[in-house]
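To keep things simple, chains are lettered A, B, C and D as they appear, and every chain counts its residues starting from 1.
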Amino acid sequence: MRNEALHFALRNRKLVVGTVVVAVFLVAGVVGPMTIDHKPADYVGPAMAPPSGEFWFGTTTFGQDVFAQFLYGLRSTFLVGVLGGVLASVVGMVVGFVAGYRGGWVDELLTMVTNIVLVLPALVVLLIVNAYLGVRSVGVQALFIGLTSWPWAARAIRAQTFSLRSRDFVDLARLSGVRTPKIILREIAPNMSSYLFLTFILLFGSAILIAASLDFIGLGPTDSVSLGLMLNNAARWSALQLGMWWWFVPPGAGITAIVGALYVMNVGLDEVFNPKLREM
Amino acid sequence: MRRYFGRKLLVYGLTFFVAVTVNWMIPRFMPGDPVQSMLSRANVAQPAAVEAMRAHYTAMFGFDLPLWRQYLNFWGSLLRGDLGISIWLFPTPVTDVIVRAVPYTLGLLIPSILLSWVAGNRFGAFAARRKWLDNTVLPLGYVLTATPYMWLAILLAWAFGIIAGIFPVAGAYGYDLQPSWSGEFLGSLAQHWFLPFASLFLVAFGGWAIGMRNMIIYELEADYVNYLRALGAPMRLVRRYAFRNAILPQVTGLALQLGVLVAGALVTEIVFSYPGLGHLILQAIQNQDFFLLQGTFLFVVVGVLIANFVIDIAYVLVDPRTRTGMGGTA
Amino acid sequence: MLKLDGVSKVYRVGAFGGRALTAVSGVGFEVGEGEVVSLIGESGSGKSTIGRMVLRLTQVSGGTITLDGRDISSIRDRKEYYRQVQGVFQDPFSCFNPIFRADRVFALIKEQYFPGVGAREWRGRVEDALESVRLDPGNVLGKYPHQLSGGQLQRMLIARAVLLDIRLLVADEIISMLDASTRIDVLNLLADLRARGLGILFVTHDLSLGNYVSDRTVVLRDGRIAEMGPTPLVFGDPRHPYTRSLLAAVPRLHTKWTDAPVDGTADGTAEERAEDLPCAYHEAAQGSRTRPGLAEVADGHFVACSGCAGAAPEEKKMKERA
Amino acid sequence: MALSVTDLRVYYQTLRGEVKALDGVTFSVADGEIMGLAGESGSGKSTLAKSLIRLDGRMRHAGGTVELDGRTLPIADDRAMDEFRFREVSLIPQYSMSALNPTRKIGKMVGELLAARGVPGGTAELERRLELVGLSKDVLGRYPIELSGGMKQRVVMVVSTLLNPSLLIADEVTSALDVSSQKAVATTLLGFRDHGLVTSMMVVTHDISLVYQIADTILVMYAGRLAEKAPAEVLVTAPRHPYTRQLVSALPEVGVRYEDRRLAGIPGNPPSLLNPPGGCRFRDRCPVAFEQCAEQPPFAEVAPGHLVACWKAE
């Protein structure tokens, strides 16, 4: 069964392409900065230089290396995505599992909380929280993104748990004397592992997008560079009017490529895990 | 039915309550004296204004009162429509600043949400029919939904505004014009409106098209479809039914996506310096105008809650099951 | 051994438990050692709910369930209870977690109940248990659930219960999903277990299966007992019109429905006929009404009121007294 | 001869290869005949039923022909089949409870279906038929969710037979029901034939005792092939195929008790249809198997209307 999934995974074009794209950017973000001997904010070259052999992505109005910024930006983008995605998944899973498994008033209460966080527009909440934070880091940004973007995941996991809970093997585990947390962890969660993974990928992607928006508004990390912050700077220093396309195209293209590849990966994985979709 | 709406309203009421409480808490529980830090960071030129503001805010925060009093007073002024005074546009009340900006945001949001939803659904259902369409449209859809709103906005502004020079890229109307009902003004308004609208529309469109395509494929496997096909019903009828049933989760999806769409509108406005709420937020942040920021926050939350409720009503109208199910039991 | 006394189950449904739904009401019967009691009813009769309450998977709303005189809800240590009482359910495929090997059900038992037993000895015990349900251990151990047939899986579940050396088995529709050629073997297995002194509560909707294997039969209707007693009496001399109509509707192999007396044709006629027949409960002497709502019409054979006209005035009287 | 099927082969495409779910099936159903089609899971009975009306996406027509009233059914051609569906051959599906579009009123849905098939009006007839199964015409104004399971089932039965099809396929329609509703549904099916609403019928089931109640003939399938076909009475009382014989004797009946008569099942499991062994497919489980069984026995007539695929069935 496992091998079957692997078999289809390797033959699924969407999954392979998506994974390769994400992997390439990940490697660029992790390894890339080590190959560059200056900091992204350093003024290393002529101002407003278009892409050249020396500065692959050109320079900013101040002569900063756009390529260096891009590589460092990828790093924080992935960091925000992973941290925010993991945190949101964990909160979503805990709420979803508990609400779905326990039912009753616990479920009512958690569902109510979920719905409240769900209808609150996440970005605007993040806006005012971040605006009051004098010093902002990627970690804190990810923390707040994680704390606001879990509700739909919780809802989906709750529904799945709810239907798995009534399966007989859960009753059988209870008849074997297994306790509730263990049942959730060892009987229910493994059955949803593919689903949980898909949820994480989507949360990962959405965390990147939310972070980019925050950065763009000017509430990005104060201590590092990110792709969203690059867009913010490009817009603020009129890269548009000055025709410096090399300043604003790469960061946006990077975000789009990563998030798009994650989505495509998600579809591919779905096809691998769900035999029904394989024929489509 | 009453029960359903009652529950929804309860959630929305609680959400509003939470939003207001968060709004009240944040300045109070952040380190430091909010009034002091606010004024020291504010870019206000006239010293007289600073003093007036200090007096106003100190009274408003009411730090000498017990917390619960402060909290009640906060609600009291909120219910009177008093959100404080803008620092950026001193001494205009925050409420007035926001009310002036709201029409622009709504003018962008409502058409782009509705049109992208309708067009995306139609197109997604259409794409599900043909394999080649599916194979070409789907990747495009994924790229569109993965695009950050502001980036697409920047690209459009660059391509159509700077390079082609067809559309203006800043403001809601020409700088030389005064708001009026003249054709010239309206034309300028539409010209300025188009690019931000288009970028919002495109990103959202991709998402709806993909969602619809997936839902239709799911619906086409439903039992009722198999039954209709076994009775020789033409695909035309089957597709019509599938579309109608697939629309329902898309309505729910609209409610879930509202927050993201609003966020998209805010950043798009920033790109185009479009004088809506997004622009206000940027100005508020750059000028450290926290009252304006918090007021805008409350406005957006209330707007999203109202939109959610409208969608709830729409859902009941399109899904007969909720009507009959609730009518029968409640 | 097991005794149900006035057991009821009320479900709260709707938002915030607005409405109440009575699934089981005032049910009382016993299951002795080495006795098979079949609990027969249609969907919605509450038969599975009773099974789940005995297994403590669902809470009892009213009345008591006792094992050897001890209220089962007072047994704090669930494991102690499950060592004596186990269940097997309807859908064998749903009882196995599809992503693990099928023998994990045994591993769970070992982990929870026999952590001290050595691997080799445990393997011996598992093989013995499998052989006792006529499975070849080599054929089933190490396989995934989808590689085994429903009959094999169901037997593994019975073997699992046997490993615990239980005293009572709740068998909830355990053969309704099996193919005809294998179901009878599983049924025979239950009979063998009974011979070893096990009490079995056999929940089923299929009258012929209940009849084949059980010593006593309880017929449920809408959460209440309609009739109960020794199986030969209940099936041979049904006194409740509902039992009669069920029996008339059962498809038999050598008699067609059309062969039956004319009055037993299509739907509901048996019910209509009931109005003509006297209600066994009200016919019976006052003194024979030894259980609430049930009259003893023969030795151990109880029947409830058929819902006849005689019930109305009596209920009124009861209400007046109350 | 209403239906005649010749050497029909339908294979399922799976990840591991083709499952020969229906492997050379030849039989016929006469006008007015109700044929019970019995078999265990994996016998191919559902595949047979489906292939006569609509192959699902994974099924492939691998050979053989189907004729209905002298016309060949183009079962491999989904489009061409549309003309025959509903009018000539119709289906009461296993999933009756979810067979109706949940967001359309029943009357409207049926109207749209009829209009799409080019059948005008028909409301009066629809109401009359609903009455026949004990439903008021009010159900036409309701959504499926407002009806009980039994009502939905009856609506589906009426809709499926509305155009008086020549062949009606009832696929496991009673398996999810309680005994009393089983009886009602089965007698309704019988009524359809007796009132002339359908010409012939195939009742697919795993429950021989039930189909025995209403069928004229019973066809038993095993592992993708036919085992035996005979008049219902004969099949139950004097089966000739060892599989049928063992199957019938494994059925507990009301009145048979464990103490009095211990019944026995059939040991072993049916063969995998991915690469089925040659010869008779029951041979591994058969108590009377001998060398000749390595060769597939023909489905031959051993008595009038009694066909058996076994070398020893004389």
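The rule we apply is simple: a contact is a pair of C-beta atoms (placed from the backbone, for glycine too) under 8 Å apart; a residue touches a chain by one contact, two chains touch by 3 or more.
Computed from a predicted structure; not experimentally measured.
Greatest centre-to-centre distance from chain C is found for B, with centres as Cα means. The interface holding more C-beta pairs in contact, when C-D is weighed against B-D, is C-D.
With centres taken as mean CA coordinates, the chain nearest to the overall protein centre is A. Separating the centre of chain C from that of chain D, both taken as means of CA atoms, is a distance of 32 Å.
A separation of 52 Å divides the Cα centre of chain A from that of chain D. Centre to centre, using the average C-alpha position, chain B and chain D are separated by 55 Å. Listed in rising order, the residues of chain C touching chain D in the complex are 42-43, 149-150, 179-185, 187-188, 191, 205-209, 211-213, 231-232, 235, 245-247, 249-254, 256-257, 265-267.
Those residues of chain C that touch chain A in the shared complex are 16, 55, 57, 78-79, 82, 86-87, 89-91, 94-100, 105, 108-109, 112-113, 144, 146, 157.
Partner chain C is touched in their complex by these residues of chain A: 1, 108, 167-169, 171-178, 187, 190-191, 193. Listing the residues of chain A that touch chain B in their complex gives 112, 115-116, 118-125, 127-129, 131-133, 152, 205-206, 209-210, 212-213, 216-219, 228, 231, 234-235, 240-241, 243, 245, 248-249, 251-253, 255-260, 262-264, 267, 276, 280.
Those residues of chain D that touch chain B in the complex are listed here as 53-54, 56, 81-87, 90-91, 93, 95, 98-105, 112-113, 116-117, 142-143, 145-146, 156, 159-160.
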